[in-house]
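Look at the two complexes coming up: subunit A is in both, with subunit B in one and subunit C in the other.
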Partner chain A sequence: MAVKTFTIDGQAVTAEETDTILQAATDAGIKIPTLCHLDGLGDVGACRLCITEVSGTNKLLPACVTKVSEGMEIKTNSERIQKYRRMILELLFAERNHVCSVCVANRHCELQTLAEEHGMMSVRFPYQYPNTTVDASHDWFILDHNRCVLCTRCVRVCDEVEGAHVWDVMGRGTNSRVITDLNQPWGDSETCTSCSKCVQVCPTGALSSKGKSVAEMVKKRDFLPYLMATREEKI
Partner chain B sequence: MSKQILIDPVTRIEGHSKITIHLNDDGSVRDAQFHVTQFRGFEKFCEGRPFSEMPALTGRTCGICPVSHLIASAKACDQLLAVEIPPTAAKLRRIMNLAQIVQSHALSFFHLSSPDLLFGMDATPEKRNIVGVMELRPSLARDGIALRKFGQEIIALLGGKRIHPAWVVPGGVSNPLDPKMREQMLAMIPEMQAISLRTLTWFKTLLEQFREEIRTFGNFPSMFMGLVTPQTNGEHNALLDHYDGKLRFIDASGNIVLDQIDPTKYNDYIAESVESFTYLKSPYFKPLGYPEGIYRVGPLARLNIIDRCGTPLADKEWTEFRALRRGVILSSFHQHYARLIEILYGIERIEQLLNESDILDKNVRAIAKPSRSEGIGVSEAPRGTLMHHYKIDENGLITWVNMIIATGHNNLAMNQSVKQVAQHYVRSERLQEGMLNRVEAVIRSYDPCLSCSTHALGKMPLHIQLLGSQGDVIDEVKR
Partner chain C sequence: MSKVRLATVWMDGCSGCHMSLLDMDERLIDLMQHVDLVYSPLVDTKEYPENVDVVLIEGAVSSEEDVEKIHKIRHRSKLVVSLGDCAVTSNVPGMRNRFKIEDVEHRAYIENAQNNQHVPRSVIPKMLPHSRPVHEFVKVDLFVPGCPPEADTIFFTLSELVAGRMPDLTGKTYFGA
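Let's look at the complex of A and B:
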């Protein structure tokens, strides 16, 4: 396998040609913020928080789905990138009804942590206040569209790891919603195995365990790398 | 009606309101109204949310007394779960509720009302505020701050946060009491007790000075309502019970009208009326109808309905308090007095509860799925009886909410009090700060929690306009 040499934030880095910028940066100890990415799941570049500046193009490229190449000069934290990352976060907050103070995932939410890390003090865009619903038909879990950022981690974990493919995305643009089966209530789903993987990988309070009060929903995400490592060993 | 005086906004209360005083042609006061000018909409926007979020969600109603909402809401949710919560959890909730009452009463008495008491109602507003109190009597201001801190420290030690702790949950509380924190709480008790006793001593020296206010500040016959301890077998001594208990209604002469009423049956006795001039509903006692069914809740009501408090020092003070007049105490001015006795009671009761043998028990939460479609939680908030009533669908999502807040129960009484004070003090031909301050002060005696926001503390301007029948400004006072 060919090895590529390039720089990230001025640091010389070597990685395999199949690696993404995100993998190479992580291996080199350089942190790039992510939201839709989760180790163990395939990447889709949905959230764009991992955007990077790469020499030779004016486009900002998502680190999670961009492969490394020879001689690349990558910047992961320029002023321009910071500006856009903050904007992306503000747009995510404006798009749905994220009310951290009364959310089950308060203090345990990746979106909230990212906003804090990026110094997002306020949202400059008008809140959309969509009239979204809560699906509590499942015996153990709740889906709250108000808190969903459409990262599709639930869709991918259910398809790639659990193999049930209960979740999907329906609609376009701001009307996009994650759905179970053919847009049936979650509790009526015939394919759901109630394994809770989707709940654990969800970065926000969109998927939670029933009965949890505010700030009580702590996600256990470490199961995924462990599970994937075990499976690979077996193969 | 030819003229109207407008006090907008009312200052040194929690929330946004205004008062209009309507005058007759001869300049005498015909009527006065207390308008709550803010709209919140909690009952509506809670619909569709999982019931388990309700304590924390409704706690956001108020920044001063979030714990009261947490408690009433969690009790309603306990009913939805159809569980009896572990006894230790109930005791810990009691402690937090009492801590909340101590800190809120301290805020009302020291920060909001003590300037009126220390400087007198006619003093200039530049002096008559908490900064003025700090300058003239720093020890009084320090005592107030210490008491409020005590209440908030206990809330923080139990729930992790001074304001909006998410620790009270359906089925109990989320964490047991840490022994070290119990020691910290107990260590604060002696000083707090001393503060509360010396404040009572000081307040009692003021009574003579405020004789006229005592006579005219919401001093009228009305019913009183509140929770008292449940009757067990044998003779019943109704004690203070801020967390649980049964409803008792008494009339203006102190006769018990209804006793040991299950609070979940509140709907049989209380209805709510709506007036076009205010966003605050007016609950009334159903058997007497509207508006005759006026009743009062809060510290004064609680001390009027009980047979004794239930702790030694508070009982002693309560006996002296009730000896002020034969029968029940009717003047709303004495809410201040009642508040100080409740602070003392709260400190004593917290100490008792902390010394109970099972207070450190680790079993503090009952886990269950919702088993009922309707739940009602009733507790005593600093300002009076607080009621949360929820209905849920088969998935546990809220379909209907009714909240009756303590200040609401007092709405009819506050309006009547404003009218009484205005009729006694206000003369249209000469608008004076002192007379209008008294109109505000009677509202302050109820410690109304209107928005439950703290930012209004003494910083809002007071704007009073005297309006002619055509809306022309005849006189104006600004500060």
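Let's look at the complex of A and C:
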């Protein structure tokens, strides 16, 4: 397999040509913030938080879906990138009703942590206050659209790992919603195996277990790399 | 050195931020050596005074009275601080925003009332269609998120401001704290 040599934040890095910038950076100990990415799932570049500056193009490229190439000069944390990352976070907060103080995932939420890490002290964009609903029809789990960031981790884990493909995305733009089956109540789903993988990988309080109060929903995300590793060994 | 003229204001919030302010305990005494509390729910001034150096705003802007107040406060204060998630994001008061005002009023004053079921049309200020963060109405100079911000965070913020510095709150507080 061909090996590529390039730089990330001035540091010389070598990686396989099939690697993404995110993989190469992670291997080199350089942290790039992510939200829709999760180890063990296929990448879709939905959240754009992992944007990087790459020599030769003015476009900001998402590290999770951009393959490395020879001689690339990659910047992961320039002022321009920081500005856009903060803007993305603010837009995510403005788009739905993220009320951290009363959220089941308070203190265990990747969106909240990212805001804190990026020094986001307020949102400059007008809050949309959308009329988003809660689906509590499932016996064990709750879907709260108010907290959803459309990362599609639930869609991918259900399709790629569980193999049930209960979840999908409906609608366009800010009207997009994650749905179960053909936009039927989750509790009526004939395909859902109630495995809870979607709940565990969800970065926010959008998917939670029933009976959890404020700040009680702790996700267990480390099952996924383990599960994938054991599967690979069996093949 | 003249004392810093400090005001604190309670708009659409639960007063938790003011409770957190009081949670500074004995540090309040140190702070008061440098501060003159000229307006606050904790003192008995009726009219928001002129020439306020620093004002801490708790709560979202939710009524016509709040709008009037916040413009007057901005006009009469040098440094406006949004204190807590309600002022910064509209937080819990903003949870009514997806409903029509008539439905909210009906829920509060008729459905959930045991006695005297009617929607008050006088005395109580008229609600705005949406409860919104302070900075959507006036310029805010400093944001202190948190529900409520911890006493340590408020003490750090005020100490820095009294010392003439703009506090850097990165990593010191967060939404939903």
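By our rule, the second predicted complex is superposed on the first by the 235 of 235 C-alpha atoms of A that agree within 3 Å, B and C clash if a C-alpha of one lies under 4 Å from a C-alpha of the other, contacts with A are read in each partner's own complex, and residues count from 1 in each chain.
What we mean here is this: a contact is a pair of C-beta atoms (placed from the backbone, for glycine too) under 8 Å apart; a residue touches a chain by one contact, two chains touch by 3 or more.
Source: prediction; values computed, not measured.
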item	value
A:Gln112 touches, of subunit B and subunit C: first, second, both or neither?	second
Partner chain(s) touched by A:Ile142 [first = subunit B, second = subunit C, both, neither]	first
Subunit B versus subunit C, judged by how many residues of subunit A each one touches	C
Touched partner set for A:Gly211, first subunit B, second subunit C, both or neither	first
Touching partner for A:Ser101 - first (subunit B), second (subunit C), both, neither	both
Partner chain in contact with A:Thr7 - subunit B first, subunit C second, else both or neither	neither
First (subunit B), second (subunit C), both or neither touched by A:Val134	first
Partner chain(s) touched by A:Thr191 [first = subunit B, second = subunit C, both, neither]	neither
Subunit B versus subunit C as contact partner of A:Pro126, first or second or both or neither	second
Residues of subunit A that lie at the interface with subunit B and also at the interface with subunit C	101-102, 106
Subunit C residues touching subunit A - in the complex, by the definition given at the top	82, 85, 88-92, 94-95, 97-98, 130, 132-133, 135-136, 140, 143-145, 147, 169-171, 174-176
Subunit A-facing residues of subunit B, complex	48-50, 52-53, 55-57, 60, 164, 166, 169-170, 174, 367, 369, 395-397
List of subunit A residues in touch with subunit B within their complex	101-102, 104, 106, 133-134, 136-137, 142, 144, 187, 210-216
Subunit A - residues contacting subunit C, complex	93, 97-103, 106-107, 112, 115-117, 119, 121-124, 126-127, 129-132
